[in-house]
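As written, the chain order gives the labels A, B and C, with residue 1 at the start of each chain.
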Amino acid sequence: MTAEHRPGPYTLGTMAAGPSCCEPHPHLQVRDLSVAYGEQPVLEGVSLDIYRGCITALIGPSGCGKTSFLSTLNHLIMQDRGARVAGRVLLDGQDILQSVPDLMHLRRRIGMIFQKPNPFPLSIRRNLELPLREHGVRDRRTLNEKVQGALTAVGLWDEVRDRLDRSAPALSGGQQQRLCIARALVLEPEILLMDEPCSALDPIASAVVEDLIVRLRGRYTVVIVTHNLAQARRVANYAAFFWMTERVGKLIEFGQCRRLFEAPAHELTAAYISGARG
Amino acid sequence: MFRSGLDHGRRYNADRLLAPLLRLSAAVGALLLLLVVGFLLYEAWPVLRGGGWQAFWRDEGWYPLEGLFGLMPMLWASLAAALGAVLLATPLGLASAIFLQFYAPPLPAKLFRLVLSLLAGIPSVIYGLWGLTVLVPLIGRLQPPGASLLAAVLVLTLMILPTVALTGAAALGAVPRAWLTGAEALGMSRKGLILGVALPAARSGIAGGVLLSIARALGETMAVLMVAGNVVQLPTGLFEPVRVLTANIALEMAYATDGHRAALFASGLLLTLLVLVLAIAAARVSRGEPRHG
Amino acid sequence: MADRLFTTAVYLLVILVIGALLWVIGDLVIGGLSRLSWSFLVEAPSDAGRAGGIAPILVSTLLILAVALAVALPLGLAVAVWLAEFTRPGRSAAQGIRLTLDVLAGVPSIVYGLFGHAFFSLVLGLRFSILSGGLTLACMILPLFVRTCESGLSAVDDGWRAGARALGMSRTSTVWHILLPAASPAILAGLMLGIGRATAETAALLFTSGYVDRMPGSLLDSGRALAVHIFELSMNVSGGDEAAYASAFVLILVIVALNLMAQLVTDRWLTRRIQRS
């Protein structure tokens, strides 16, 4: 499923794909993570590894804490007053939960894409420049280069190059989401967290964004929450299956994606995948 | 090992400056009320202390230079003017609101709304000017002297009319479409629909608007000062000149001293209290959802 | 049948309303235009205002307004931003301040005049001055301005806040670059309300900025606002009605002009932020 075969304005344009395999070295290591909102626990005892350059899919029914899990990785959950977190999250060996991290630096290394595309109500150019300026890039030439680079990487450059100063929310849903991905990429992160990035898009736009995600493999580590099992199969190297037991989300099974889908070790996993439960 | 959600925003340098700065300005805002109320209390204290304020209804009349501070005629005048204005403005305003929402075609409706908004923005002193130069002589021809309670009522009506009409129209507009189409489907006439469904559903919003208008009329100074005649007496008839509390403060502030001054401040506090009670009532009342008639 | 009666009643009342409103507007326009001229706008008043113009009065009015806005705008925005972005909903400090502001919004203007007189003019020693009047007006317009701005900020899409956080942007940047521009329609509305109220205000200025109708030399001089001038001409100067009407006309024009300007400035500021590269 490559873009070259798809006609019309939905092609991704010229874009190099990453290396086809990823390295089984852990980029993020989660150990015994628990999350609660006030008195209400949402996640308990989650341990898994996110491997460098690979796409890891988080699957499972709604309410199992997948989004909370994702928000913990870039510390976004801490914005929620009343959120309490325990456990360890090691980024290249350093626990980012224990030692209070330099947030700006952390969020430069870990980017996030949300379910509902949220381009700022500014021009396309400003959307990309704002985070760059925030992180200290001021030189006009560098800014222009990085903006163009990010837009090219998501296949938007040809589509928007002559209207960079027009309003970003005026773009179509799929373009908006790709812009949001470009906005995250412009900071040159190592890890991309995606919370159901395609679920608010129409099928064609969804396919284009999915294609883009596949091309990110190898160059970026991607963690993607998705309800679309077919998408997970198409896209992911590793899959983590979450389920709710005793009113609390738990990680049931984690492993290579193909193996999880074809020969699930846990009966719940098998049931969910076959559509019998959830 | 559980850690509470911290405000990590504080870790950014810019934010480290901003939050305290903002908190400071918020404190200034809060201090403002304390300052206003505090000063009023302080200035009014000589009268308030030791039950001096009971003179407000015990004394024979308002003769400040002789130490008599009977407020009642002026309080009644304020209430009479405000309530009279509301009595006139409510049917007129409601009719306008109903017209805007149910009868007017889009262009005239837009124009009408524009005119109403424009009039809502006209300063009260201009209404007073008009009242003084047009209304008062007119009334005077009917029954001298012309500057009277009636003039005050009419001018106040003009002033609160746009607000009653516009808030009424908004309340009527907030009635769920479904209820209105349901009534039409039942074959109800327009009158029936309006009186039976729309008005009852919008009544909390309308009532809130009316209460706020009373508050506004009570607090109005300039227009009433200019047309009401400013004689301190109980409002015995529509054509008699009266003095309202607000006008009294404006007229006497310049030369009041000591006890007189304190009495004026105390009357200001009384006014504020009245207005506040009405505002709270308005907020309570308009919180009601559109209800089934 | 009853329906026809009802309709007739509604139309009659509306005609009454429109008639009354047109009467007032008509008198204002006719009375105002008869005396209006360029010299009226640029000359100083003479013969207690019956003759001459309103130039120093216009200057005083604008100065008082400028003082009021210079204080109320930044302070009001700061409080609104604090309430909307830095407090948790339901927290008592924020609730207390909101309540305070709502109460302040309802206080009658003459009472603000009392306060301004007692505090700014006497305690702070500003006497009758433009500064005193401007500060009093600032107190008056602050509460409603804050509430309007705050509701505008709260209504801004939360997705942008989350996105900005995820990109590592500080709260300050988020507020300045994204939230304030997004809330600018509400801020503008609040500003226009404030301007309208301030320019129309008479009672609060009577004892704070005073009556002097000469050209003010500084903010500490007393100055007569346009609304006060109208009051003075109609009530205390016999034969001053003509000039009063002309002044009234100018006052309405000033209010309309100020609102238009506020709208233009905010529009331009908004589009500039969207397009600036």
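To be clear about the criterion, a contact is a pair of C-beta atoms (placed from the backbone, for glycine too) under 8 Å apart; a residue touches a chain by one contact, two chains touch by 3 or more.
All values reported here derive from a predicted model rather than from experimental measurement.
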Of all other chains, the one whose Cα centre sits farthest from chain C
A
Chain nearest the overall C-alpha centroid of the shown protein atoms
C
Can you check how far apart chain A and chain C are, centre to centre, with Cα atoms defining each centre and the answer in Å?
49
Per the C-alpha centroid definition, the whole-Å distance linking chain A and chain B comes out as 55
For chain B and chain C, what's the span in angstrom between their mean Cα positions?
17
Junction residues of chain B, two or more chains touched:
12
Chain C: positions in contact with at least two other chains
170, 173
Residues in chain A with touches to at least two other chains are numbered 79, 81, 103-104
Give every residue of chain A touching chain C within the complex, in rising order.
74, 76, 79, 81, 103-108, 111-112, 114, 116, 118, 120-123, 125-126, 129-131, 134-135, 164-167, 180, 183-184, 187
Taking the touch rule as given, give the residues of chain B at its contact with chain C in the complex, in rising order.
9, 12-15, 17-19, 21-23, 25-26, 28-30, 32-33, 35-36, 39-40, 42-43, 91-93, 95-96, 98-99, 103, 112, 115-116, 118-119, 121-130, 132-134, 158, 161, 165, 189-192, 194-195, 215, 218-222, 225-226, 246, 249-250, 253-254, 264-265, 268-269, 271-272, 275-276, 279, 283
Where on chain C does chain A make contact in their complex?
88, 157, 159-160, 162-170, 173, 177-178, 181-182, 273-277
The chain C residues in contact with chain B across the complex are 2-3, 6-7, 9-11, 13-14, 16-18, 20-21, 23-25, 27-28, 31, 75, 78-79, 81-83, 86, 93, 96-97, 100-104, 106-115, 117-119, 123, 139, 142, 146, 170-173, 175, 196, 199-203, 206-207, 227-228, 230-231, 234-235, 241, 244-245, 248, 251-252, 255
